[in-house]
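Each chain carries a letter (A, B, C, D, E and F) given by its place in the written order, and its residues are counted from 1.
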Amino acid sequence: MLTRATLDRVVAAALEEDAPWGDLTSESLIPSDAVASAELVARESGVFSGGEVFAAAFRLTDPAIHVELRIDDGNPFPAGAVLASVRGPARPVLTAERVGLNFVQRMSGIATLTAAYVAEVAHTGARIADTRKTTPGLRAFERHAVVSGGGHNHRYSLSDAVMAKDNHLAVLTASGISVTQALEAAIARLPHTTHVEVEVDRLDQIEAVLAAGIGTIMLDNFSLADLRRGVEQVAGRATIDASGGVTLETVRAIAETGVDVISVGALTHAARGLDLGLDIRVERPAAR
Amino acid sequence: MLTRATLDRVVAAALEEDAPWGDLTSESLIPSDAVASAELVARESGVFSGGEVFAAAFRLTDPAIHVELRIDDGNPFPAGAVLASVRGPARPVLTAERVGLNFVQRMSGIATLTAAYVAEVAHTGARIADTRKTTPGLRAFERHAVVSGGGHNHRYSLSDAVMAKDNHLAVLTASGISVTQALEAAIARLPHTTHVEVEVDRLDQIEAVLAAGIGTIMLDNFSLADLRRGVEQVAGRATIDASGGVTLETVRAIAETGVDVISVGALTHAARGLDLGLDIRVERPAAR
Amino acid sequence: MLTRATLDRVVAAALEEDAPWGDLTSESLIPSDAVASAELVARESGVFSGGEVFAAAFRLTDPAIHVELRIDDGNPFPAGAVLASVRGPARPVLTAERVGLNFVQRMSGIATLTAAYVAEVAHTGARIADTRKTTPGLRAFERHAVVSGGGHNHRYSLSDAVMAKDNHLAVLTASGISVTQALEAAIARLPHTTHVEVEVDRLDQIEAVLAAGIGTIMLDNFSLADLRRGVEQVAGRATIDASGGVTLETVRAIAETGVDVISVGALTHAARGLDLGLDIRVERPAAR
Amino acid sequence: MLTRATLDRVVAAALEEDAPWGDLTSESLIPSDAVASAELVARESGVFSGGEVFAAAFRLTDPAIHVELRIDDGNPFPAGAVLASVRGPARPVLTAERVGLNFVQRMSGIATLTAAYVAEVAHTGARIADTRKTTPGLRAFERHAVVSGGGHNHRYSLSDAVMAKDNHLAVLTASGISVTQALEAAIARLPHTTHVEVEVDRLDQIEAVLAAGIGTIMLDNFSLADLRRGVEQVAGRATIDASGGVTLETVRAIAETGVDVISVGALTHAARGLDLGLDIRVERPAAR
Amino acid sequence: MLTRATLDRVVAAALEEDAPWGDLTSESLIPSDAVASAELVARESGVFSGGEVFAAAFRLTDPAIHVELRIDDGNPFPAGAVLASVRGPARPVLTAERVGLNFVQRMSGIATLTAAYVAEVAHTGARIADTRKTTPGLRAFERHAVVSGGGHNHRYSLSDAVMAKDNHLAVLTASGISVTQALEAAIARLPHTTHVEVEVDRLDQIEAVLAAGIGTIMLDNFSLADLRRGVEQVAGRATIDASGGVTLETVRAIAETGVDVISVGALTHAARGLDLGLDIRVERPAAR
Amino acid sequence: MLTRATLDRVVAAALEEDAPWGDLTSESLIPSDAVASAELVARESGVFSGGEVFAAAFRLTDPAIHVELRIDDGNPFPAGAVLASVRGPARPVLTAERVGLNFVQRMSGIATLTAAYVAEVAHTGARIADTRKTTPGLRAFERHAVVSGGGHNHRYSLSDAVMAKDNHLAVLTASGISVTQALEAAIARLPHTTHVEVEVDRLDQIEAVLAAGIGTIMLDNFSLADLRRGVEQVAGRATIDASGGVTLETVRAIAETGVDVISVGALTHAARGLDLGLDIRVERPAAR
């Protein structure tokens, strides 16, 4: 999960984005002493993610708002479920509403889509992994949502794992450098904690890559038949990651080829925000 | 469009997010003197948005990279089209690739989805507008993309227009305050440049709201029949904004009721990233 | 009012500006266990603004300091009035003093000057509005102060309303483009929530501008006679905003011409800080 | 003068404040290929300050804008003088105009007011100094403006010099601590580069303070007669700083008492923005 | 000491640096309800510095963690001493551990090295001062540590005191400008609170420099004999600062020449982190 | 290597730290038209690191300064070597000097110390690795310096690899959870790119840990004899990382036990800044 420092920094920036010089509507229409009770309600079923982020939107708008989460990240819920309750001064509750929802809808949307992929591959040995096709500035949030959905994270960034793709290999070949030797040299220079994954487009590239002692081989845009051949050929010498246009319709068949990991860019770049709403009741305190 | 200050700040942060301590793969496998030529290619047709953002990803990674945009934001393109070309030192080109793509795919995805809605309502008087259901931190980028798609922006934030919703009106009623008078009082206090829009859920709320002299009335979740009745009843006294679960299937019928604006949250929260790719060719300079 | 996220960010930066490596005086002279009681006292009469900002300066320096505001923003006070009381550890109270005062003096100065303009136009239909001639970085604070003084805000920024000035119109004319048509085209493209205001320098420009259906016409640097003629000519077809070298001496006469809004840059760029002081009493706890 | 890092950071933030999601007016009315020529013209006489800041507003909006400064900071100019010229794409010139002006008007206003004070004390030995009563976030800019006006800076912050005021001394006395000894002890602990200034309210406090070997004694709110007595009594043993409600009317008499420094909070908290305007001519390139 | 605003900003950034997307180990291995008790233990003797910073690392990771400092900054401790205790939820305690230690080890290392230099010069009149050879971004922390060790701070930055070095003097000479007159002119322009220190490399430079009435003369890289001659020649007309390759072996002899200040870059650029460790005991609550 | 976005952000902050309101000395003593030529000279031998950072300090102070690096990061140099040359306006060259040096001295100091460790283990199979004992805010810079010295990086942060330490294992044991099973469960949940390293304190812990299929086993504070036994026992089933109080004196013997990695906290927390200086010659242009 995110550190609190990251959470607070990103949510505060979102609040400033959505109210750079205040909330004109609440300030002009809502009595300053009004109190709001609200419930985060699921308009459709899904898998929850982003509870702490939702709560932070209210806390950072006004510490006097109390948010109680009714469900933990990673749990499924039916349409109509109450996911959280909120209570506090009405103006800041109304001010924070949209930002809180924008985060939790996006994150729950990703978790829910991920869960659908995960369900498809149930009882195969394959895991569903995300990619770097995330929203700029929100990667840590979106990765968390993938985990909430039962998925696995892939490398986070260019800095924490090696992923050699076609372009990397092509320049080696064009320069007359042996792919095997180049990978071996890289592994010798890289941190011992750095996982090395190499993407191949054809079965005949597999041996040169495995010879370098890499951790994972990505079979990119392989047909099901070729995936099966690839699994046989690799024969446990590396983790196998399948990628390329994976959909809910195709993922089960891919998993059944015996690959270990299926990377699905769609988890983050094609998820839609889940339909969650905040049912707010504003009350004015009795005359004092 | 965004200011350059915003553009550079957000893209630089995205680059740091994706390579917090460098690009291990390029540094360990690509010769430092290699040169890359790349083309941004459309894997599917769509409407372009985010050219300047795409270019900034490369410029801020290495000023020596040259990006030439082949298409202006807002233009449609067929699958296979070359949208931009990139040339420069291979390592930073490979480093910036994903961030540049993440922005332009998301923005072009929004533009393309918007254009689909806009096409649906062609030759009606209705415009398609976005909402505040945007990605935290990227609202200015996503609004720009909506415009690229031929859509219109709605209010940007809580600070630049009033949107009184059911909760706002409910507390007035519950407090025994006249909605008309409360709106009049608000208008008297608000900047004269502030547009006031009020959401109603039922036809019988319309008169009280219009009596306050507001700019726009939002008819929320009205049936087509009620929308038509609402248009008649408003009779030009305010702009009419229809909202609530609008889809590509329903939008034309809604437009034909005579409303002026159709607010579609899906433009930003349900758009998927468009499939654009960077075809890179890395060359090593001949021995010097 | 400002969001808490903005308030805390700006005040924290001001505190760092004023004590980048600590408060040498307090640390070297004040016993660490000394306690301070302080009162924010008005050395002259005025209108208060900035109470929350003043309190934040102390809260962000040391959460152990307690600030009690004795007056709400927007209220007038006589010389000698106690506006707030502060109590806490003496060192941080002394450290935060100047930053707290710098904000509240500036904001109350703006509120007080605004109130003077507002008083001048009492019982006319005109409102006093601010401009974008604000201090870089403090616009939201200064706009809040204008409201505290009974004034109205104008557009906040280049992003939330259109204000077409002489230069914008001149280029249209020079390009052979009809001003009316250009404005109509702009309005068709702009958000429906965007207010369009157009500045004219001469009476004969009014019709072309009104023909486009704009929201506000600014009569810039008009004589009183021409303002009256302008009011007659506009005849309620748009809000009328008068601007140009307005002073406390001239504002009443301008208001009596029947204009709706009088924009006064001086509210923010010519206000002086109000004379407020912090009377501090430092006590050392009895020996323990 | 400011470092470029500070200059760019503060000006970029001001540009984002003034156009958080673009310049609606220029984008909707000005042809994208229009070119602007502009001159920064003095509507009143004054002393210039902020040339580099003015230029940065345009440079950071669009590097293609060329700004030529016609006058150096610190020089006087008559009404009507052309202070700078600007040329570049019309849209960003119009976008940057207000931010550029807001900085240069404020800074030149401070420089001009400072110069008036400095002129009053001509040929006395006294210097005019600023205080910490500056605008939060802009201290370095405002201090620079004071120097442009021929004034001197005082300590910048709580961190770079000691200024012991009445409250500091009062707690010492109340704790039964000798002021002389406390100051000596402080000086022994402070950096040898730290100047120690002590404020006294009465003549009879002078000896105890001087006995500690301080650098400057501030005579706060002294009558002219007492200032003269104070100067005699100090007799060159410390620099003498006079403060307290200094005005243009009283400053000469204060200077003639023989004090070395006169601290004037009004330089920064009571300066009004100078009336400088940007005369812009927008041209559309001939058809190509 | 640092302001809380600075402390929180720098520590939060360090926490984000060390856990940009969470703490994989704690999250995957430690039960979420486990509780940790920890003690900050000295593995070697030293002088403590950084208690508040250590505590902030935990507070900003999770406000539920309680940190109790057992020793104040500036106090010596033996090997084995318990310097602080920590108690709270186990995951965030483990997450914050390294960042808290990195600060307190570095700061205590500087304090301890400083104390060694200070002990060497005991009972001479010389003080040990730091320099600007600090870690970028941490100067305020490292200066605080020097004070904890009994040392004195020198100027903080280029902005708060003048230090004219050989290069500054050389260009004056080369331009045919009198050093004395140039320094006098500078002093006349600088704030009266600005201390002026001038570095000389040879005894024959002293008189020209002192003639300008400077505050401190730095004798750079002088032999002990020349230092003694310099002290005699200066004869109390300025503070004397000795610098240049000072070591623990040479510092006493330098102090005994009668200089006032000895500047030691090594305090900050050559200090090693002190060996402090966090002994953590993680417990799982009994079944509930 | 660092991204340019990180490099520029960190160096700009360092420049602001060192000159928050300008460089008083250069501005008051150096003619504005003076020009400086400078050489970065090694006062002692070492291994270079930080060339790009050094150059950025000057570039970000004034783009008119030209820096030419004479040596690449990672190369050794003798005392007296000229490592870079700098030429440009004298004032900003003098302003940027210290910040540029602070970075390059620290980084080259780390590279040089690392190279010493690397030399000690030459021709053994062991690599020297850094730890997370880095300077807060500068980890990416210090890691780069370790690589310049021929060392290897270890995991960067809590986010990119698992390192289970005694505390993590202890809580498992105390909770009655099998270490093997807990590790297996963690591996099943973690990204397939995440390397898992587990620290053991005793030989008898090895089997349970290896049984989980981890990547690296850390033998912490083992005697040489136990290291040898550990190497035998592990028998190639995992990478072996030795840690605990490694010094230049002990590292060779440790390497000869056959371990693969030796983690040395001292590389970053005990390195001293290397003695590099900037020899500057300031010239004034001939009269024009």
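One rule holds in what follows: a contact is a pair of C-beta atoms (placed from the backbone, for glycine too) under 8 Å apart; a residue touches a chain by one contact, two chains touch by 3 or more.
Computed from a prediction, not measured in an experiment: that's the story for all the values here.
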| item | value |
| --- | --- |
| Selected from C-E, E-F or B-F, interface repeating A-B by over half of its contact pairs | E-F |
| Reference subunit F; chain at largest CA-centroid distance | C |
| Where subunit B and subunit C are represented by their mean Cα positions, the distance between them in whole Å | 31 |
| Subunit A and subunit C, separation of their C-alpha mean positions in angstrom | 43 |
| Residue numbers of subunit D (touch at least two other chains) | 13, 19-23, 95, 139, 156, 159-161, 189-190, 194 |
| Residues of subunit D defined as touching subunit C within the complex | 10-11, 13-14, 17-26, 28-31, 34, 36, 90, 94-95, 98-99, 101-103, 105-106, 109, 132-139, 157-165, 167-168, 170-172, 174-175, 182-183, 185-186, 189-190, 194, 265-266, 269-273, 280-284 |
| Footprint of subunit E on subunit A - complex, ascending | 1-6, 8-9, 139-140, 143-144, 156 |
| Parts of subunit F lying in touch with subunit A, wherever the complex brings them together | 127, 129, 152-156, 159-161, 189-195, 197, 215-216, 239, 241, 260-261 |
| In the complex, subunit B residues that touch subunit F | 12-13, 15-16, 19-23, 27, 60-62, 95 |
